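Before any comments, here is the structure.
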Amino acid sequence: MYAVRKKTIYAILLLSPLVFIFLSLFIGRYHVPLPAIVEILWCKLTLGYCNLPDTYVSVVWDIRLPRAILGALVGGCLAISGASFQGLFRNPLVSSGILGVSSGAGFGAALAILIFSTTSYIYVFAFFFGGLAVLMSYMIGRVYNTTPAIMLVLGGVIVSSVFSALISFAKYVADPYDQLPAIVFWLMGSLASARFQDIAVAGIPMAVGIAGLLAIRWRINVLSMGDKEARSLGINTALSKGIVISCATLATAGAVCVSGIIGWVGLVIPHIGRMLVGNDNRVLIPASLSLGACFMLLVDNLGRVITGSEIPLGILTAIVGGPFFVYLLKKTKGGGW
Amino acid sequence: MSLIELKDASFGYNQQDIFKGISFKIGKGEIFCIIGPNGCGKTTLLDTILGILKLRQGDVLINGSNIQKMRPHEIARQIAYIPQAHSKTFPYTVLDVVLMGRAAYTGIFSSPADEDVVIAEEALALVGLTRLKSRPYTQLSGGEGQLVMIARALAQKTPLLIMDEPTAHLDFKHELTVLETIVQLINDTNLSIIMATHFPNHAFYFENNNIKTSVALMDQKTFSQVGRPADIISEENLMMLYNINAKVVSCHIGSGAELKQIIPISTIS
Amino acid sequence: LLALLLVAGCAQNNPAGNEAGRPEKQGAVTVTDFIGRQVAVPDNVERIGCLYAFSGHVVAMLGRGGDIVAVVEGLKRDVIMGELCPGIGEALVPASSGAVNVEELLNARPDLVFIRSETAANEGEKAKLEKTGIPYLVVDYRNMKEQMYIVEMIGQAVGEKERALKYNEYYQRCIDRVQERVQNIPLDERVRIYHSINEATRTDARDTLPADWTQVVGAINVSVNEELKFLEDKYFAGLEQILLWDPEVIIVNEAGVADYIMTNTQWSSLSAVKNNKVYQMPIGISRWGHPGSLETPLAILWTAKTLYPDLFSDIDLVAETKYFYREIFNYPISDQLVAQVLSGKGMRAPKGKAN
Amino acid sequence: MSLIELKDASFGYNQQDIFKGISFKIGKGEIFCIIGPNGCGKTTLLDTILGILKLRQGDVLINGSNIQKMRPHEIARQIAYIPQAHSKTFPYTVLDVVLMGRAAYTGIFSSPADEDVVIAEEALALVGLTRLKSRPYTQLSGGEGQLVMIARALAQKTPLLIMDEPTAHLDFKHELTVLETIVQLINDTNLSIIMATHFPNHAFYFENNNIKTSVALMDQKTFSQVGRPADIISEENLMMLYNINAKVVSCHIGSGAELKQIIPISTIS
Amino acid sequence: MYAVRKKTIYAILLLSPLVFIFLSLFIGRYHVPLPAIVEILWCKLTLGYCNLPDTYVSVVWDIRLPRAILGALVGGCLAISGASFQGLFRNPLVSSGILGVSSGAGFGAALAILIFSTTSYIYVFAFFFGGLAVLMSYMIGRVYNTTPAIMLVLGGVIVSSVFSALISFAKYVADPYDQLPAIVFWLMGSLASARFQDIAVAGIPMAVGIAGLLAIRWRINVLSMGDKEARSLGINTALSKGIVISCATLATAGAVCVSGIIGWVGLVIPHIGRMLVGNDNRVLIPASLSLGACFMLLVDNLGRVITGSEIPLGILTAIVGGPFFVYLLKKTKGGGW
């Protein structure tokens, strides 16, 4: 019975983002008739030829689909890394960007634009500096190793703020006519400009990060007992933490590359997950992934249809998610806690 | 070869030593009780044996190999640990906590298998907490929480158990259950145990159950005495160790057997 | 009352602006946009998307305001824009802060879109626009020359090159008129000005449009070539820095800022304040002289006259203003409105009452 | 009038009751020991007496006035509490922690005065921790930490002390110190004590020192028996309570006096 | 001896911001001769007449002095509220804005600009919405009352993000020509234009907040033992918490009004304090106040002298403070922890 229930839960968690992605194809300001959408999907997937207006094809296949896929990935990545970090650092107030990866990646991107004046090296630089920021936080955290969790997180806060400052500095020295707009636009981020290429470039690290976190999810339970106990239970804490941090960094950096710095999802979605499925990371981690993806798609779709000029993601995430969180809190009486 | 051996071990947090020059060895099926005043360094010593703190000097050998060279999961398949204090964070269920005892047998990228769940449930049954298995462990009473920690260590299925005051917070019934479980496990599986305790009576209990028991009195940064309980736990030694008056009494139990007990009477001012 | 007047004025004008001014069909043109792209623009552009406010102003000036089908939100708030483009209230808003919602853009069915350089700086945005097949042109400039070029480019693209050239001619004439008289002023007699943009301490940096036009009017713009504080894409000067510059004249482009400066003790020791030389610039379709304003020629005249009243006593700003809006914009501006523009007050529709 | 009185008290976390219909009263200079299995609700009961948890039914009266109507600092001048578990956060010094016992005597906008520091230092001296007074209390051993909590309660200088397993983690010496301190305080200041403990022997100890001692056996959601230790702590009652075999032995101490002790022997399977 | 040491510490803590304020008068782009500065101070304080150039007087008295005073107040307020909240919530990762006061105040200001299109009602609205945000966090935190600290903080995070989103929304609907710049300018905040009026309006709530927190500082020690223990020690936890929260809210809201949303000081300065003076809030709270004030002035002055361009405060705070924090960490080996 238990096994059956578990399977049902996992099936729901797996299917719901797919359903949301599918539904996203039907939503948008431009009217594409339903049968056309289905036909486009069918002929594209079978590599056949679509006898439909070009505009229909490009709206559904080139604009909506990559956006939906990336949206799901981004939401999932932020939520899953947030949940993992919360477990790892035993602090429920920690979120996906806590070790500085977001601002590191942002700075990397700005630097790439500054140096090369083109956008080609952005991803490489963003990942490199995202990783560097995390590494720096890690080094600071290791200065004193009795309560490394707090120090690591504080290290992250410091590194993060230094990189944010460096971003401002990069903007300061950038050429206001070509580099600055590129930096600003990149930092603002937007799923709106998602392309299939982005899935290829940012999607792979995101997928690797997600896969890693899903695989190691039970270890996070054990790690959340604290370093000392985790070691005595047979965990190579340095290694396991390293893997969790690396995977979460990959996932978050990928998400930041696609959609800029979105803070909320990586903190609150895991808590919504806790209220719904409890704290066991075996379920919480996939649940966060799935919830994050669905939530992001929901918000993105809302943003696309409410007005023509796309309400920025950050606005809706909080305005839709905040009350939902409070509702859940009331309903479960803070069940997770 | 002894299961575990400490050679000339020393440790200190800062400049000051907590203990130095401690050596002992334990074979299969033996119990080693460490008795000493609060703050004498028992917990610290156990932490160094586990490799959680690094010795300043000396070595810890498990089955002849140095613990510094062993990987955590190798150590955890040899030694299970019941910590003195545990600070709770997320409200995991009791079963989930006990299941963590299986970490050493679970690959880094996998979750515990069904066999592991069975083992965890057996361990819970041993300490008598089956009925609480799906309760958040943050909502347990003090004693129940302690039993969960014991169950987790039992689920680790190791040849050596290190226990730091395992019966603190336990009632008579559970204290006896734990002691009896230990005796049974030693008889059945040849388990060995290192135990820090404030109850010399535990040592008598084990001796009485025909288990090879040693007692070490820890004081002045080292083991002042090591030996059989009957020899070591004497009124004089306790007076030296704690500066108290104590009485050793014998009482007849069930089948004509005798159980020795030490009873603290008063401090010496 | 004012609103009524405006509505009346506009009712007369619009048909003319939309229909009469339109030339016969023209052949396909290739234009080069700000970032150097060569774009083939269809021969008959009938629906125009202006995703950068400046381009909207230009299109309206060129008499094609009625063809604007997609805008950015800010364009809808402007009183004169509302007059020039009666349909602007219904225009779709497919862009905010540089990101374009192409689906909404497709709904607007524009034949041509003008975008800002931020949008073009992003590969994804470009790719998306290209997928729609709608030709787009990047609109931006950093000095008067480029501003003129961009106006010409827009004119070329929407088939109103002549009118665009007319604007440029006027632009150039204003420059020439002023240059001719100020070029002989020796350096040490040139007036040192401080130009406040929106906020009292926000000002001009080098390589910007205002730096360019303030130079033309024979002023020494104190903040150009100085190091400024840069925040959120804008340049600010420190208070002590301003005291150190001690400009002779302060021109401000936002209503209320002049009062702030005049009444603030921190500014009171400036010569400009002591001598009562803090001036509010006019606001027409945009703030004159603002980096995003196409009323630069008027700003040049106004500033020149303000700084050197003796040299430019023959220039009648009321007349120039009327001429500009009537001839270049083809907008029959009322005398009252001219006064209003020159006083710089009340030129934006209050929130929620967008046209 | 009794110092504290419980009338028909009931409580439960969720739908289920933890205990119900409990009544008792304690006068000045009396000790009330609550003994019961793990998870029977001792800690919960103490929390309701303190007003931390709210009774479902019934009242707690201190000196005749209902605790629900008293302000926190009034309660804290009457009752000091030694919790069973304490989770540490910031590394305050030991003295700072003990000083917190003076909160009830300190205005909301002031800090403890010099007299308060003196009182805190005396309390530390009573439990023998003076030498640790400026150490961060997060770096103490388990037993030392427990002593700090006791010192904090003593610094509160209340007529009633509520102790939840105060001697867990303490060695013989410190256990005796605590017991002796209690006896001395009762004799000197007519203190009263409510104590949850797993050691019936403590009750004997107090009785032996001529203190008015009552014992309540807590089981089945209520007090199954209440009375003098000698009457209540019997082999039969323990068998009923815990399902274990125990022996009551007497041993002669010092001056011809006798000390009764209960010794758990084995569980009954 | 102990009492003497304590007095020395307090004296240092009190004097150092004053010294910094005094020194600030000598620093700036505009050269005012030293004797003139002293003379101006003297005649202004004695209400006499200054026989010195107007510009000197206005640079020293109208520009530098209010800026220094407000800078000290702002830094002190942020740091003291951060330290108080960390103690109150038993979580070292909490900062002064945690209950949403900053974003609430920011939103209030934006709303005032939107509605009235002038800046006159800004302070009223900022304080009102700052308080409202905290109240809302508090209500959410009370939904479930077993571990209220976490819930309160999470409530704060939610409310905070909702208000941040509302700020973005206000920007989104604001007129890009006049309202938007006003909103952005206000949010960015700047000590640069600080006037004596601002001290009168924002300084009073800040001073009240500071005084309250200083007075109640020892209680925070007790509150940090957790609700249950604090109650049993005789603390009216609801009341005491209420006072701490109100005072911190006043102080932070005042600071936000003057200088926009500065995140870093309220989180990191208290930790620097912990490393220097330990965790006892009796010393930590005044130390944070003093350190925050000095730090803010230091950064502000540095910014003014390094280049004429006044490098933005945020950049300097992070770039100066970050490495300093790491240095301290290394030196004290994370002493506070």
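Letters are used for the chains, namely A, B, C, D and E, taken in the order the chains are written, and counting of residues starts over at 1 for each.
Definition applied: a contact is a pair of C-beta atoms (placed from the backbone, for glycine too) under 8 Å apart; a residue touches a chain by one contact, two chains touch by 3 or more.
If you're wondering where the values come from, they're calculated on a predicted model, not measured in any experiment.
For the pair chain B and chain E, chains touching both partners: A, D. When the interfaces A-C and A-B are ranked by how many C-beta pairs touch across them, A-C comes first. Among the remaining chains, the Cα-based centre furthest from that of chain A is the centre of D.
When chain centres are defined as mean Cα coordinates, B lies farthest from chain E. We define each chain's centre as the mean of its Cα atoms; on that basis chain C and chain D are separated by 80 Å. Averaged C-alpha coordinates put the centre of chain A at 44 Å from the centre of chain B. With centres set at the average Cα position, the gap from chain A to chain D is 51 Å. Multi-chain contact residues, meaning those touching two or more other chains, occur in chain B at positions 87. Shown for chain C are the residues that touch two or more other chains, namely 72-73, 96, 230-231.
Shared interface positions of chain E, i.e. residues touching 2 or more other chains, are given as 172, 311-312, 337.
Across the assembly, chains come into contact as A-B, A-C, A-E, B-D, C-E, D-E. Within the complex formed with chain C, the chain E residues making contact are 28-30, 53-55, 57-59, 62-64, 114, 117-118, 172-179, 181-182, 184-185, 188, 190, 192-193, 195-196, 304, 307-312. Those residues of chain A whose C-beta lies close enough to touch chain B in the complex are 87, 90, 215-219, 221-222, 224-226, 228-237, 239-240, 243, 278-280, 282, 336-337.
By the touch rule above, chain B contacts chain D in their complex via residues 13, 36-39, 42-43, 84-85, 87-88, 139-144, 147, 164-165, 168-177, 180, 198, 201, 238, 242-247, 249, 251-254, 259, 261, 263-267. Across the complex, chain E is touched by residues 47, 50-52, 71-77, 79-81, 83, 86-87, 89-93, 96, 100-101, 103-106, 108-112, 152, 156 of chain D. Listing the residues of chain A that touch chain E in their complex gives 91-94, 140, 143-144, 146-147, 150-151, 153-155, 157-159, 161-162, 164-166, 168-169, 172, 263-264, 267-268, 271, 311-312, 314-319, 322-323, 325-326, 329-330, 333-334, 337.
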